[in-house]
Each structure stands twice: as C-alpha cells, then as structure tokens.
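Just below sit the structures, each encoded as structure tokens.
Both of the next two complexes hold chain A, though its partner changes from chain B to chain C.
Here is the complex of A and B:
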C-alpha cells in the first residue's frame, strides 16, 4: 500500500461537510470498532464501518466516497445503537452515499439501478409493482436470471401480481415526486 | 482614605491585551486614590516590596491590586499589606487577567473594562473596615469513614502519629474491596496476605476505636469541632461475647443467604463470618434470611453458641463521638452487571463481573479456588475478558476511564492460566492504560509469557451457541468482525461511586461530581482536601484508583490531619454573616436556608426571638443575606454598602459613557 501523504491529501472541508450534513461530530469516534462488530453486512463490505469513519476523520474524500460499503449498508442501525459515543453511524453512511452519488461515484451500479427501478415503480403506481420493478431492474442490469428460482414460490403465495394494484394515496405520492422534480431536492 | 492602586502586567499575560499604564493613569483620578502605578509582576518580591514601600511612604491605608484571580494571589497580597502594618481586609483585588486579558482580544475594550474593574474595587475598598479573625480550640481526634485499604492506611498513620482515631465501617469486616481480591497486580502477590497484617494492626492499635457494621447517621459542627452520630446496625450477636468460633455458622440450617462478601457467587448461612481473616472476627445475622426472623422458629445458633452471644432482640443503636477532622475513604462500587444486556449480564450465569471472577479465583472463595463455570460447574477451557464495560461510554453517560481495569484484566488472564494451564484467554480492549511502575511490562507478560490473545476492538454482543457463549466483536487492526467461543465471559465493569455516597456527601456537606465521586478542593494542588474545612478524602471515593494510589492518598490525608492538629487553636475566617439584632424580626428564614447549620435561634433580653450566627460554622456563602427580607443579616466584607458602592458606580458610569 502506498504512503498516505496526510499533509497533501487531508481534505478538511470534506470532513467538515460530512459532520455538518449528518449533524454528527465525527471527532468523537475513537475507533473502538463496535459499529463493525455488530454489522450484519460486514462480510460483504470492502471497508469496515469503523474504517470508513477513520477515512472521513483523516479527510480522505475519494477513498471514502468510492467504497462499496456505502451502497451495501442495509440501514438496520445496529452500528448507531451500539456506538458508545452516540454517533449515528448509519446516518453518516447515508450522508456519504448521497455525496458519492452527487460526485458521480457508483462502485455498485446494480444498487443504483435497483433504487431507480424501485422509485420509478412507486412514481408510476403510487406503490411498488413487484413485477414491473423486477423487469425494469433486470433489463437495466442485464442480470436476467438472478433469483429467478424464487418466482414460482412467490407466485404461489400471491406475493407476485401480474398487474399493478392501485392505492388510495396515488395522487399524494405523485405530488411528492412532482415537488422533488420541481427542485425541492437535487 | 488614602488608596494605592497597583496594575500588574503579569508579563504579557495582561499587558499583551490591556494598556496597563492607561489603566493606572485613569485610576489616579479615582476618589481617594493617592497613588496609581503599573508594575511588571506585582506578586514578585520586588513587586511586593514596592507595595510595602508605597504604604509606608505615602501613608496608604487601603490597597487595590489589579492582576489575576483572587484564588491565585489574594492570600499573597493580604500578607503583603499586613507586613506593612495594614489590616489584611483593607485590600481589594481586581481580576483583569481571567476576566479581561485572557478572554478578550480587543485592547481598547479590554483597557476600558479593566479600568472599570479597578474602579469598582476602589469603590468597594472605600467601605472596607478592618476585620479580625477569632481563634478556637481543636479537638485532636479524627474520624475515618470506610475501612478499605485507603481508610486503613489513613487510620494507622493518624494513630501512629498519636491521634485518637475512630474508624467507621459499613460492613461487618474491614478490608474493603482489596480483601476480596485474590492477587494484586503487577506483583501477583496474595492480596489478603499483604492486607491482613494492616487489618490486624487496625484492630489492635490502642489509639483506634473501630465501629464495624456502622454508618454515619449525622455530622454537625465545623473544622476542629465536629459532632458525629454513628448508627451501629443490629447484628443480633453480642460482639462483646462472640469469640468468632464459627460454630453458629456450621450449624445454621438456612444456607441460602446471599453471600455479599463473595459478590453473590454462591450462598452463605444466615449467621456468618464473611471470610477467615475477617476483622473483627465476629458473627452477624442476616435477618432477611434467618428462619427465626422469617418464621419465628429455629434458634439453633442460640442453642449452640458456647458463650450465649446470640441476641435476637438487639436493636440499632446510635452513638456520638466528637472529632476535629474527618477522612472520607468510602471507596467505589462496580456498576450493576444487569445494565449490560448485550453481553448477557444478569441473564447468562457464565457472564460474571471481574470482582466475581476474583472470588472464583480465590482460595477462600465459594469454589475453594477451583475455576468452575457457575452454570454447570465445568472447568472453563476458554475465558473471554471484555474491557471498558461501562467505561468510556457516553451512551451510558459514563465518559470516564476507570483506570485500573486494564491491569486487573491482565492479572486475571495470567491467573486463569495458572489455574487451568490449557485454558485459552482472550481480551477485547480498546486501548491499554498501564502507566504505573512495572505496569506495561506486566501487560507484555500476559501476552508474551502467558499467551493471552489481545484483540483490539469492542464486543457488540454475547449470545449462547452450542451450549457455550459466542462473543462477537471487532478486530479493528485487521478490519474484521471476530467471533470467539467462550465458556466464561468476564466483564471488566467500570467503577462507580459507592452506594449511598451522595447521601453521605450531603451529611458531610462536601460536593460530588456527575458520577457521584467526591470532589477534591483543587484537582492538582489540593487533591485530598474538600471544600469543607477539616474533611479530607482518601482512595477511590474521589475517583477510581488502584491500590498504590489509594494507600498513598490515605497517608496524604493522614498527613493533612496531622498538619491541621499541629496547632492548638485554629483561626476562623471573619468573612462571615452577622446579624443586626435591631433589624432582625426573628422570622428565622436564614436558619432554614443556611446549608451549613450556622444559624441558631436565641432569645433577646426582651424575650423576642432573634437569629444568631455561629461564626466558626459559617462558611460565608451569603445565602442568608439574600434570604433576609429585612436586611438584618449581612456578610462581613461583602456588606450591602460595599456591594451597592460597586453597583452604583457601574450603573452610573454606564449611563454617562460607553465604549467607543
């Protein structure tokens, strides 16, 4: 591994931005590893949660924003519940995820593809239409046969409908999307 | 009045951001000021000499020094003016360092504020009157509360110094936490073997009177003359007769009493002597487990006792003692293990506290020194130690480091290997804190010689798996999750204030911190004093401490007591409240608000009720002066006229001028 040139690479503005956007004081983190210890997704991470915290502390913007772990976090909040310094670690990871998306980093394209397909489905129907979501995601990702073996079981228990079902809140949900598109978010 | 003003530069501490010469020049114009100068270091020998010379040559009868906080040098300058023949209370200090130069950067504004502070000091000084201290006799007996190793040391040192010493211990034996330890770090010598002789000395010293199974009911009085009420709790055994033969415990049929000495590992009899080296070696009955008290039958102990010491009718008894000083050495308690649900504390029998583990290792413990899992009695083949349980944990409002856990954990890992050589030992830690003499070498021994596996990371959970316990943590050095199988999990539970410490603090009128540990008077320079004169601290009641530090602090407290008692009479502070009997209507609101019990009710000659201040008890806090609706009670040196002179100037000047 190359030497980390701290004086050249330390991006304090990035550190401050993560603290400000997440509302968490990352200087509290003393690297005890309790976030990592309880994380159910840790086996799939490229960087452990505490290592992501350390990258932010040392202002390593690119390394923090390009790691896959941000996209694999299930958002269960175990890390936040266990942190002895009361840091909302899951919220920090989410903050980084947004920053990564805006910066155009996408190390796990399928997560973004799935999220887009999910939102599109909710936008169209007011709630998720599983079959539509499934097809849209598979076409976008090219992973046509992933999890196909689950389909018969889902059909049998009535969890996979062939046509979208309507929901009473459809108009309100559509309004949410409209507000977002009109610039409430970015 | 002829007032002199001295404006100190304190090097650049003040002069860096305050124009001291301008402040002195302004002060020259203040009423009754005949001399105002600036000086590089007022507290230095030449600085003080200049003040003395000015008093003598200019005939000053009041002095203002504008410099640092009075907590730093008020005593210095009072002695200075005294050396020149003035009363020490004809001196005022304006704090233009902590209140001005250290907190503001704008030199112009700072100079303006410093000038104002000097002015209000001058205004107050114009109303100052000479005050004279009174003196009172000292009762040269000392009370030591708590007979752990710190209290024992303090008591022995006081007694060896010739002082009559009263020791009050809450439990039925002296020795405290140290008596429960199997071995001590970093020497791995038998704890009770080194403590035992001191316990015996305590019991046999002719200058020491020991009250075991006793608590402080009340403390009144003041430095040099305290009155203490001691509640001797009923033991249902006449200790004057009991020989400690142990026959009663042998025959007691109630064998399921909680064994507090053994930290609730195992059970004991309803009548018991806590451990073989107990001092005093006397039996006592736990009424909550005794069949006589629960079901009104049995009485076997009374039948077998060869000296007829059993007394079921015994009651709590309050005895009074008079002392001149108090050493508080009430130690600490571990946090409740049930607070750590994620580690199975209180749920899994094989998850124990470090102090319980200590009893499990001890030859006088409930397992006779054989290491056994509490659940099924099997010998553990893997023991996992978890550090910082309830320490350095803000989510539990416990930001403090308990300080000694790293060391005893290493010791317990080493002892585990000597009990069961083929047992694996793992320690989950965040940082190792081992700054004492020989301490870090000891941690290395645990790792290198005793093959303890140290894993750098916290544990997130302990859960049952295949009849054993799985400990899931992180190895932050590897960046992985780590899981270890354990037969026994030892939690290095953080040290908290001893049970009841807050109540005791109220009785002793001393302060405590957010964790309930007693506050020292100054963290560096007065570590054993409290803010109540004559009450000193020793050991872990002031904050978690290991044995050497507790012993040192016990001796330090004894040294303080002996220094206090080296004088026959003590001087009282004249800055106390005083009642103007003409104005007092006898409502006694002051009596009820005084936190020190310094006000008493008296009858005037005409039979009316009046308040009176007991000068030696009054601490000069001023609560009574704001309570009194008739302005009948005033604090000397802080009278209404003095404070109003300050306020009047400030308010008037604020309306007349404002900073540019």
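Here is the complex of A and C:
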C-alpha cells in the first residue's frame, strides 16, 4: 500500500465541497472496509472504495480525483447498502466523478467515451439507438473490433436495428441538452 | 386491477430486449392490466446521464414523468429497473426545491413528478398478488427449476427502491413456486453482472457474469430468470464471450420472468419472443411440453 504524506497536500475546502455536493457527512466513515468487501469491481480498482473515502476525509483532492475507481464503479449500490454508518458511498464516488470530469481528469477514457456516445445518441434521436451508439463509441475509442461478434447474433434474431426510430420528443430532449451545454441549470 | 397504468417501455425494450416488452404486454393483457404507453416517451438518461450530471439526468427522466402525468395517470410502470431508478431518482431529488428549479430550467416546463412509479414485477405482486396470478395460470411450470436473478437495482438503493430484502429478495422465487416450478437456492441473486461496463471494460463483465452463470448452474437450475434487460444481455448475448473467458460451457437459457409467467398463462411462444434469444430457449419448452402432455394441458 502506498504511503502518503498527507499534511502538505491537505485541502479542507475539497473535503467540504464533496460533503456539500453529495449531501453526505464523510466524517462518519470509520474505515471499516465493508464497502470494499462488497464491491464487485474491487479487483479492477486502483484505489479501494474505503481508501477513496479516506482520501476525501484528509482533503487529498488530486489523489481522489485522478483515481480510476471513480470511472469503473458499476453503480450497483452494494457499498451504500452495506455501510454501517448509512453513508451513500456510491453517491460519493459519483460526486467525485462529476468533479473529476469538470477538473479535466480522465483516467479511463473508454468509459467516458462510452458515456458520451450514449448521451449523444439520446441527444440525436430522443431514444438510444444501439447500433449508432456502438459505432460512435468505436470511432471515438478506436476499438473497432470490440463486440463485432455480437452483431451477427443480434441480426439473426432481428434485434439489430439499422436505422434509429424517430420520436417527436427528440426536439424537447435536444433542447434539454442545449440548455445544459449552455450552462443553464447549474 | 382498477385504474390503467402509464407504461414506460424504455429504450432497450424496443431493440435488444424486445422480448421483455412483448412478454410484458402479452402478460398484462391476459391479466387484465391495462397499459397505456407514455405518449412520445424518450430515454430516461440511464447511468451515463447520472454519471455525468444530476440535473441533466433528472431533466431527461422528468420529461417522461410529466408526459405521463399529462394523461391524468396516477400510476406508472416500467419493466426496466434502470429506468425505474432514473425516474425515482428524479422524483426524490426534485423534493429539494433548489434542485427542482435547476431541473425546470433544463426541462423548460414545470417538473410535476408526483406520479407513483413501480416496476412491472412490483405491480403484478402488489396489485394482483400471487393467488390471483396462480389462479390465472392454466399451464403449470412443473419440471422447471428456476434460479431467480434480481440484479442490483430491483432492491438498491435500498431507501429509494423500497422493494423486498436487499440481500435476499424472493418475489420471483415465490411467483415461480406459485406457478408450479421449483425455486433453486441461488446465492448470487443480487450480485452485479457488470452492467454497462460490458462495452468499455468487457473483461470485468465476463468475470462477474461468468460467476453468476456458474452459480446458477451449480444450483441445479434448468432456467435462469431475470428482470433486467442489461443483465439479460450480459448473460445471454455475451454467452460465447463468457465461455471463451471462463472456459466453461453453459447452455442455460436466460428468460425474463414475464416470459415464464406468459408460458404459465397459456400464451404462445411467439407472443413471448422466445425465439429472440442468443442461447436457445428450446430446453425450457421441451420440459414444459412433457409436463403439459402428461397432465393433458396446453
């Protein structure tokens, strides 16, 4: 386990911002590790969930916001369900991910590319167009052959739609994205 | 069932999970549960929106709740747990007036979101109940040993979903028992399949889904029942990928609970989309046909 000199990089404002944005009192975390014990993605994390909680408590802004774990959380909610102090750990990780994105940290580019491709699909069509989403992700990530084996299986059972369904609600959805991108509602 | 339900299908149910939508509609029709599609519904935003910005996510979800409420409906149901989570998260967060204000700016209209939102499973269990469902079953599911896999979001986040025991939900198990099947003891019923990381971090999904599949096989189940389109996709469509990763072959079919319910209700297999799976559903039908032939039903 890496040893960190905490005092030099302590950022009290960061700790307070995470508490305020998530609505969670992170001082309640007493490092029992239940969140980590129940986390299905733990083997893929660079920092365990309880370690991220500790970094926030000690105001370690950069170490917390640059870790990959924020992006690899599958959102299953097991950590929050098992926290003996009723901390919503998953929500704290998600809050950190929002902060990391705004700060320009992107240690798991493929996850971010997939998210963006998904939202772009919703923006363009009002609903998710699966084939368009995958093609957009492939182009952005360069992972052209990923899941190519699934296409013929989907085609076989008539599930691979080659064109998006158009829905009149698309205009309203596009307006939501436009206002969001213009900074409204923030 | 008295009042009609506003029905929010969700994007997956129009494409990769078409059979979930088909079988949900077919079961509800047979059971006398009236579903009225939310007019001109759009995507709930799902995980990518939530992972990006809470107000954006809430606005995308809230639009659908507002569309449903415009019809005068007071109850909404969706088959998809991820859609339900998005809708309920929007409702819960908008209880904060400041947040609601931000959502209304994005939405461009008032966010009135007081409609009651539930999953199809919850509606069937609560509004009809096991006894009524069993009564409508004309063909028993005898011979099937079902491992019921609930996934993460049927029961979590605990306070928001407020559905059954978060570690040991039993709704589907009880349903299948009432329909004449056996319920296999299945330890991983609420473990995560890896969810949407299947595309960007496939190895994680193959590991996690592989474990679920192996545990279902070990339970002696001859069918795995699911209630989530993403779980179904990972366990069914990615089967060859899982086999390649784990080295374990498995022909265990993965059916939506609505498909099994539909079979018990006497619905034809085409109406339930049983031909739309990657892993063939034939073994399930063969077992049931033998049962029905010996009991002279179906």
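What we mean here is this: the second predicted complex is superposed on the first by the 180 of 186 C-alpha atoms of A that agree within 3 Å, B and C clash if a C-alpha of one lies under 4 Å from a C-alpha of the other, contacts with A are read in each partner's own complex, and residues count from 1 in each chain.
Here, contacts are C-beta pairs under 8 Å (C-beta built on N, C-alpha and C of every residue); 3 or more make two chains touch, one makes a residue touch a chain.
A quick note: this is a predicted structure, and the numbers were derived from the prediction, not measured.
In the superposition on chain A, contact is made by A:114 with chain C only, not with chain B.
Judged by the touch definition given at the top, the superposed model places A:83 against chain B, while chain C stays out of reach. In the superposition on chain A, contact is made by A:48 with chain B only, not with chain C. Partner contacting the larger number of chain A residues, of chain B and chain C: C. With both structures placed on the common chain, the touch criterion links A:31 to chain B but leaves chain C unconnected. For the contact definition in use here, the residues of chain A common to its chain B contact set and its chain C contact set are 43, 78. If you check the complex, the residues on chain B that touch chain A are 342, 388, 392-396, 430, 456-461, 472-476, 479-482. By the touch rule above, chain A contacts chain B in their complex via residues 28, 30-39, 42-43, 47-48, 50-51, 78, 82-86. Within the complex formed with chain A, the residues of chain C that make contact are 11-12, 14-16, 18, 40-43, 45-56, 59-60, 63, 67, 102-103, 105-108, 152-153, 156-158, 166-167, 191-192, 194-202, 204, 207-208, 237-238, 240-241, 275-278. Against chain C, the residues of chain A that register as touching in their complex are 40-41, 43-44, 72, 74-78, 80-81, 88, 90, 94, 97-98, 101, 108, 110-111, 113-116, 118-119, 122, 126-128, 130, 134, 137, 141, 146-147, 149-150, 153-154, 157-161, 165, 167-170, 172-173, 175-177, 179-180, 184-186.
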